[in-house]
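Each of the next two complexes has chain A plus one more chain, namely chain B in the first and chain C in the second.
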Partner chain A sequence: MPLDTSTYGLALLRVDGRRWNELRRIYAQIRTQAAADGSSYLEMGHTKVMCVVTGPSEPGPRRGAGISSAGGAGGGGGGAGGQSKDAEVVVNIVIAGFSSVDRKRRGRSDKRTLEMQSTLANTLAATLHTHLFPHSQITISLHVLSQDGSLLAALINAATLACVDAGIPMTDYVTACTAGSTSTYAANDEGADPLLDLNHQEEQELPGLTVATLGESDRVVALVCESRVQISRLEGMLAVGVDGCKQVREILDQVIKAQGQKMILEGTVDKGTGLNDMDLD
Partner chain B sequence: MPREAEPSLNERQFVLQALQDSIRLDGRELDQYRPLELTFGDQYGVADVTLGKTRVLAKASAELTVPYADRPLDGIFNIATELSPMTSPAFEVNRPTETEVLISRLLEKTVRRSGALDTESLCLVAGQKCWSIRVDVHVLSHDGNLIDAACFAVVAALRHFRKPDTSMEGGVLTVYTPAEREPVPLSWLHSPFCVTWSFFGEEGDIALLDATWMEEQVRSGSCTISLNKHGEICQIAKLGGVPVEAVSLLQCTNVALIKAKDMSSKLDKWLAEDAKRRDKGGLLAELSAENDRVPDI
Partner chain C sequence: MASSQHVLLSPAELSYLHSSLSLTPPIRPDGRSPTQYRPLSAETGILPGTNGSARICFADGTEAIVGVKAEVEKTKRRWDDDAIYSENQPTEGEGQQQPGRDGDNGEESGSSEWVELTVEIPGYRDDDSGTIFLGQMLSEALLADGGFVRKLRINRRFHWRLYLDILLISPPLSYPLPLLSLTTHLALLATRLPKLKSEGDEDPFFDDDWAAAPYLYPRDPSNKQKVVERPPVTLLVMAVGGNIIFDPSKEELAVADVALAVSIGDDASTAQQIQGGDKMDVDSFSHGSGSGRNLKLLSIRTVDPPSRLTPPGVANAANSAYGHAQVVSSAGAGGNSQKMPEARQTESEAVEGVWKPPRGGAKAIVMGALVQKVLIRGGVADEVLDALEGVDTS
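On to the complex of A and B.
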């Protein structure tokens, strides 16, 4: 079904009633699985993903399917299991058959999934302090329960939350979101607006990109654009995307802090010395 | 599975320290490509690309098949990449490594998803007969920057390729041999080229183009940008790695456009030269009774 963008010019509202710079509702939880080292659940609109982190642990037997990154050497990938001096980040993504509208069976060797696994492993390796855990492995399992656009962004955000929950030392949050543009690639209209956080319908019809940044900085860890777009559109889309990442970071930060407060109040953890000024009512 | 030998600590430090002073081991500028060369084969659709010591061969071929049931009006277009053990012992037959998966995905996104080849023109009879175009990419020698070389080879092979001419008369489809009718080129819409930036250092502040294998092994991140000469981005892939300032990524894209335009004009020139070389004056010249023998005097 083609996306009707004709009304956008009149009311400046998108198909789901958002303005150009509005994110969809983000709902996130951490520590959802009691037995796991780290876990999280994240919703970005109707895109819903679950993440479980195991490790850092002793590397298991090598499996062919898992795509890995040998720690900080982001370009290399496929590092030696257990022999490297950095921890290895192994990512597994399972896309549930019922997650999208048309039920599609995806094998484990689907190239798109493999590419996402590799992107996630290299993205997280850029922020995790993998050099602190030599000869070990950090396994991140992600389950996609529902897809409605911005899948890669949701996966990155969920993985970040789960890594925080697992207590793996990291530089800062890696947060991601998507950005698009209202013009099609052929139209060279100057009035095209950049859009933040595309849903599935918009993702199919409009040019867009996924951007992941480190913390509050403007530094881009991952940038994935899969559609044809004029080079002049890139700057606007990137600026909106980076700004969206900062908004996402705030939301994730609140989720982590709320969980921390809850744990202190419950007495699960001792109140640290640096937390005296924290408001715990 | 044998692993690729990693550079030693000394080598690693040497390369990185030289790069801090903007010096590359082979004396190139940071944004300078190695000499790019292209040889066409005797057949149509064979392109052999060398980029320094990297060598990639692409061969396009066509066959008649039945279109996919869900896309009855489209022809079939596939790109198959193969990294054989000939290139490096780390590659195995029938077991794609991460590098291979990423290269084939990138080529797919750059050439196929950007609509460079008009697949609708490949359909002959809706739902019954269509051309299936296949490009096989073979990496013959690996000295870094496989992606840019492979993409150039694929585009060159497809633009050079000629498929047999066909006609439809009264519901009868005829495919002509090259002797009956000149084969026809594919319906080609735009030529995208990949430009890969490599980033070095903790901050990712050193960026260079066309990294050699040694440089690729010590880099901390990379970004592949695909563009055509009209300034349309077909794909950007910075799949993790060291964080880079958004502003410098935009600069990288602008330089990439200059490089893509450069590659585009080079390819146009080579295609024109090859066409001139092949043009012997059509069938009449071929059927001529004279031969090229020079009489002895």
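On to the complex of A and C.
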């Protein structure tokens, strides 16, 4: 079903009623699972993902279950994890058969899944302080329960939350968001607006990219573009995407602070010295 | 995952666990009684994009999600279908009312190919033998009596194809069979299929009002919460010494003599007959009121317990560190002949407090006792089904 983009020019509203710079509803939870070292649940619109982090732990005897990234020094990729000076980040994405509208089973060797796994592993290996955990492995398993566009962005955000929950030291939040453009590549439309946070319908039709930034800075840690984009529009899309990442960071920060307050109030963790100024009401 | 995943326990620990589980009553590491399940929290209808979904969290932190999706598919026709069609036409009305009477004529019965069940366990390949075995056990229970696939029939030309995707979210901390089975049970209870508007053998045409969609497992018309028939559940039971233990944890499974996956169904139609039909029935009378569940056995599978792969302990008498060294060293040239019978003896003889992995098959009497214990009225199976009945599936 082709997306009707002709109406955008009239009211400047997208198919789901958002304006160009509006995010979909983001709902997130951390510490969703008692047995895991770290876990999170994230909804971006109708895209729903769950993340479970195990580790840093001793690397198991089995390998090759997911895409791994031996950060920097390892060099040898998967095989080097046990001996390398840095922790190895292993990412494992399971896309549930029931997640899309028509049931489509994707095997573990699906090319798109593999690419998302390696993007995530490289992004996180660059941000997590893996040098603090030599000879160990951080396993991140992600489950996609429902997908409606911006899948990679949702996976990155969920993985960040779960890593925070697992208490793995990291430079800053890695937050991701998608951006697109209102008219297709072929349409030589000068007045094309950039769009923030594409849903599945828009993702199918319009050019788009996924961008991940580090904390509040403008530093881009991951940029994935799988469609043809006119170079003149790229700058606008990137600017909107980076701006969206900052909004996402705000939301994730709120979620983590709320969870932290809850844990202090429940007495799960001691109130640290630096937390006295935190408003606990 | 294989049930035989490695448990990092020493022979001494295994022996301790085995003897405490063999006591009467057994002492379990987590303090449960032998028939007690791990507490769980459950919810259904969590994914609006599916026909039915459920999520269960066990108290030990393991979590599973099951989603059910349905598609309309054209039924493959057999070459002799027309012949059957013309033969059966006069009696078709009767056949509709009493499905199961003539379940083998290919028309009323479904095919097990209409149900596709996949199990996903993080970190394990989907063609891992353990994963396939788990999926096989779960689908076997579902397809055992052919009643389930009969529900998927739309008309002579079309049927529903049901996809069950079972996801284990947490790392597999214990053998996940009970968890996956209970989650599948709830997801199937919550499954609804669109209401059929077309009649007879027309191309199917459905009501687009989801609120009107009937449940796959129909509800009692008088009481909306009550389900007439329930999907099967698979229970994991194990025997240690003279004890039968339900829902074993990973450590407990590591010392099991026998582990069995028993699938049971709730035969509601006969239960109602007993309760409603003749109140003087001895069976229902003797078991008091309420627990009139008529359980039927659907399938049994033996699960290879990891205990067979554990290393045996060495008795002090055979241990060179405890003075036995002299025997071995002084034997000199004839050492081998002296050593061998000794070694064989420790292999075969059970020494108190020394772990010895179980050898050989299970005794028939033990298997019988295990199945009996599952099927006993008012027993664990009843408790589990009662507990699942308490979950809101509407």
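Methods note: the second predicted complex is superposed on the first by the 271 of 281 C-alpha atoms of A that agree within 3 Å, B and C clash if a C-alpha of one lies under 4 Å from a C-alpha of the other, contacts with A are read in each partner's own complex, and residues count from 1 in each chain.
Basically, a contact is a pair of C-beta atoms (placed from the backbone, for glycine too) under 8 Å apart; a residue touches a chain by one contact, two chains touch by 3 or more.
Here the structure is a predicted model, which means the values were calculated and not measured.
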{"item": "Partner chain in contact with A:Ser57 - chain B first, chain C second, else both or neither", "value": "neither"}
{"item": "First, second, both or neither for A:Val101, with chain B first and chain C second", "value": "second"}
{"item": "A:Ser141 touches, of chain B and chain C: first, second, both or neither?", "value": "second"}
{"item": "Which of chain B and chain C A:Gln254 touches, first, second, both or neither", "value": "neither"}
{"item": "Greater residue coverage of chain A in the superposed arrangement, chain B or chain C", "value": "B"}
{"item": "Which of chain B and chain C A:Ser217 touches, first, second, both or neither", "value": "first"}
{"item": "Which of chain B and chain C A:Ala34 touches, first, second, both or neither", "value": "second"}
{"item": "Chain C-facing residues of chain A, complex", "value": "33-36, 46, 48, 50, 52, 54, 62, 65-66, 92, 94, 96-101, 103, 105, 107-108, 139, 141, 143, 145-146"}
{"item": "Residues on chain A engaged by chain B in the complex (per definition of touch)", "value": "64, 67, 69, 72-78, 80, 111-112, 114-115, 118-126, 185, 209, 213-214, 217-232, 234-235, 238-239, 242"}
{"item": "Footprint of chain A on chain C - complex, ascending", "value": "47, 49-50, 53, 57, 60-63, 65, 67-69, 71, 118, 120, 122-126, 163, 165, 167, 169-171, 173"}
{"item": "Partner chain A, residues of chain B touching it in the complex", "value": "3, 95, 97-99, 101-102, 104-105, 108-109, 113-115, 198, 204, 216-217, 219-223, 227, 231-247, 249-250, 253-254, 257"}
